[in-house]
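In what follows, a structure is listed as structure tokens, so that the remarks can point back to it.
Read from first to last, the chains carry the letters A, B, C and D; within each, the first residue is number 1.
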């Protein structure tokens, strides 16, 4: 509560759009993150509309060309246009990230709600599974899973599934903790007194208040998914045929790109990846700040 | 008698998105040594802001616009930051509202007492600091073992008493107690109040008790100051306040109190406290005042001293009336 | 220390180890891929022997590795092996055992990971605390906060950029390797400095890539702590900013960070493994990389399991040390 | 004369590991159907007053004993009976902010019960009902509709809470510290609203508080709890003006009356530190008048027609069975 009590004649509030922009000014990480994200989306969409998809695959163009007007990011050892490869790679990264992130968040939210609302044995089971799985480095398990799949049949979607398998524990625990604290809030008791059922309370009273947390969990999950798929690709467990950003770096690495003087090969995808992960991290941070505003003390 | 505390024209504003809120508006107050005054008002009336301003602890977006806080002849507002650090606790001490969380959970009580002394007299020998801390604990009727304990090992009342003990370590001239009992049961509340009165008498300090419980004021204060919308509307002795309150707001406040003799007769104050962002013109209380006159709407009343000794800010009194 | 708590934690550790080993055991076995066949099929392709020979060799190896036994028995043998620190035999570097290989690479990885973890913990928390401390000058806050930007950047990408700019363009530091080609490992200072020179870039990549996480969490913690009543009361006591920062603010904000240490170590190990590959440093990561490349599955599983157990153990240790630092927990 | 609500030897025991905490100890209490009253349940934190409220609302179940609503055990109610119990036993809580779901505007609080209990047939009727309830608690509906809780004052919020209960026309209203977080100047208004409710709508109010001054003014009877047991009970005027149990005396003596003629007394304040209760009087460790006999649990003794105390100081007075407690509570 602020030290200022609003009177009957409430102070006129500026409209929502103005308020949103004003808020962005105070939350630079969210603003920068969103701006970078916007840039990446425009880049990818524009690219998808203009490139020839075939150029992103081997033997399409003259190999080993440094950046030029025709090939803004150069071409690689296998004869791929690195610009086309980057556009496709970004698109595929987005697909993996959003797919695994969304599904992980949904599963986590459902488990979190079930665990917190019903408690007892179900809660104990779900939380212990999460707690036991969390110390196990997800990446290593993903290495095993990805390594156990026939390399030739790995696709973008299998990547997403591999990443997803270990992506639900985080949101489960976060949502569970939030629901537990919400359950103790008095408006839940009042809703009970007002005749609401358990299910009604979950969906109409608790869930709306958790939306910011769910959104934050989603962004965090997308980040994790992109990160994990990138790591898998960079150690050579990605879908080898696809120009996924990590794959491009991996093949540059295996062909000794730096030693051979093809410096442009890994640099492009590396910068793209930094921008993607960086913008997600910034948005996530900005949302954290939004969800937990500092409570100013007052009398 | 020379006053030990003089607050002159103190003004504090908070700068919010919606504009500037005057949380404290030209407040004047005087207090003699050993005198106890209660500062009452609704939430948002500026009581706590007053305490923080006197300690010079107003933080952005708040700011002391102007005014002086003179303790024992020294104007605190003119001190450098380093000098102000020294003045806190040794000149003017603060006993917090949230005693539950006011002690560092990971260090012993004794260490927290000693670091307070050390900040003011770094060269004092260790055993002397220790002796002084133990004496302060004794004053608030706590066992010496508390010195070696952690905050979580103490009950709420004990924590509040530790805070009082810290407050009197350096025998300050003025003690500000900010709702020190609001979270406590009646019996503990009374114990804490009696402890404050006892240590106050021992060191002869002036006390400002901030709160909204008129009962507490009646039980243990000498004077009562009433705040409304950041302004001090009346300062009277307890006797005067409870028998013949002057300002219409004080009168309404007294009327709203439950009495012991007749059951079921009490009435609230109609209307709502105004927003500090858009205060009514003239006297801020006029929209709720039953005795409001035309000039109350436009002209801000001046502070004046009545024959009874009460100081009141209202057009009903003085030459104009 | 409480005996019940101790046994509870040890049980937890056992559960983690059991879960990790069960996952590493079953996932490859429910997949249609036969690791041994995979391995030798590759050799066959490069022209060592005929497809008929392959079947014989696969059968022979399957028997030697116990892969022809019933699944449950294999599982039992496998678990029993783990209890004896026996993670099997390398397919690729036969007859070396996986444990032998791990012991050879382990010191490199431990050295890199421990030093970078400690550096990034200290640097990150210090910067995070300064970023949240209201009295920090603005330039310091900005610098500290800007380290947050590295949070989104995987150390391996920093590694690539560092290799490119500092190793390749400026030629200040070596592009990779554990020590200069041609030097013979010995105990001399010269050799030690050479190793250090080679570890510098990967070290920087790891510290920079992990420092942001600490800055963020410490900054969040710091904002919470400075709003606490005890910090305000400390100011009312007239304590100097230095004392408040050290005894009231930092001390309380740091406590929860310590619990994050073991988990952060897990993330750093993951990153270190990938970074080692990029820099061609000897260590678990390079070993894992080459195992992936050569389909040496027993080594892959062995490394995964070994690291998991290591991290879970560290978590339990941290949890036991924590009460020594926080009196509130100690008294419960 | 039917019993609206009956507590029959109700105890609530919380177990945590090996330690058992008796939050409420063998309480019997009756509220009559046709005699709306205001009963104060007073005590400090840990006295069991909140546990009593939770039991009354059916949020928790007693460990021992039964609670009957209109003659039926509330743990065995059928679906429709449960619905009408839910509707007729309502509450107003302490924190006037926490009861609002921050996601919705304030009318959500009133809309939900109207919808759930099907009290209105149309949107317009819903709105009328809401406006009526708001007016009844002294609010202007236009000033309330469409606002978010943080845009209202504490007093307004608390009155909306009372309006919510009022919409349902309850038979029993549990008011759990309804004014302790409201400004002193607004307390009178809220309490007045509660009393009007009792008089005009025939609602029985269980007023839970640690503040005896307000209890003195709105309640007709009082029950003082200490660590889950009744120390003293009776007519509010009788008990507060002439407290007999040493604990009640201590409590009453510590009330900060806003009255210069009624100063804090000189009662010795024993340290309130925890000590073993064992089988004796729960107040034994703090009692200035403790005797040897107090090492066993004292029964209730009838002191006046409308006053009873659980204290051996009055052992020559007639014993009162704990089931008879309600007889000493005037309406």
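Here, a residue touches a chain if its C-beta (ideal position, glycine included) is under 8 Å from a C-beta of that chain, and two chains touch if they have at least 3 such contacts.
Note that the structure is predicted; figures quoted are calculated from it, not measured.
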If a chain touches chain C and chain D alike, it appears here: A, B
Middle chain, criterion being Cα centroid separation: A
Between A-D and B-D, the pair with more C-beta contacts: B-D
Centroid spacing, where centroids are CA-atom means, of chain B and chain D in whole angstrom: 33
Between chain A and chain B, centroid-to-centroid distance (C-alpha), Å: 51
Interchain centroid distance [CA atoms averaged], chain A/chain C, Å: 22
Multi-chain contact sites of chain A, meaning residues that touch two or more partners: 5-6, 8
Of all residues in chain B, the ones touching two or more other chains: 43, 272-273
Multi-partner residues of chain C (at least 2 other chains): 232
In the complex, chain D residues that touch chain A: 57, 59, 83, 86-87, 90-91, 93, 95, 97-104, 109, 112-113, 116-117, 143, 147, 150-153, 161, 164, 168
Residues of chain D touching chain B in the complex: 44-45, 153-156, 183-192, 195, 210-214, 216-218, 236-237, 250-251, 254-260, 262-264, 269, 272-273
Complex interface listing, chain A residues touching chain C: 29, 128, 131-137, 139-141, 143-145, 147-150, 223, 227, 230-231, 234-237, 249, 253, 258-259, 263, 266-267, 270, 273-274, 277-282, 285, 288, 292, 294-295, 297
Complex contacts: residues of chain A adjacent to chain D: 1, 5-6, 8, 10, 185-187, 189-196, 205, 208-209
Sites on chain C touched by chain B in the complex: 134, 228-230, 232-240, 243, 247-248, 251-252, 255, 325-328, 331
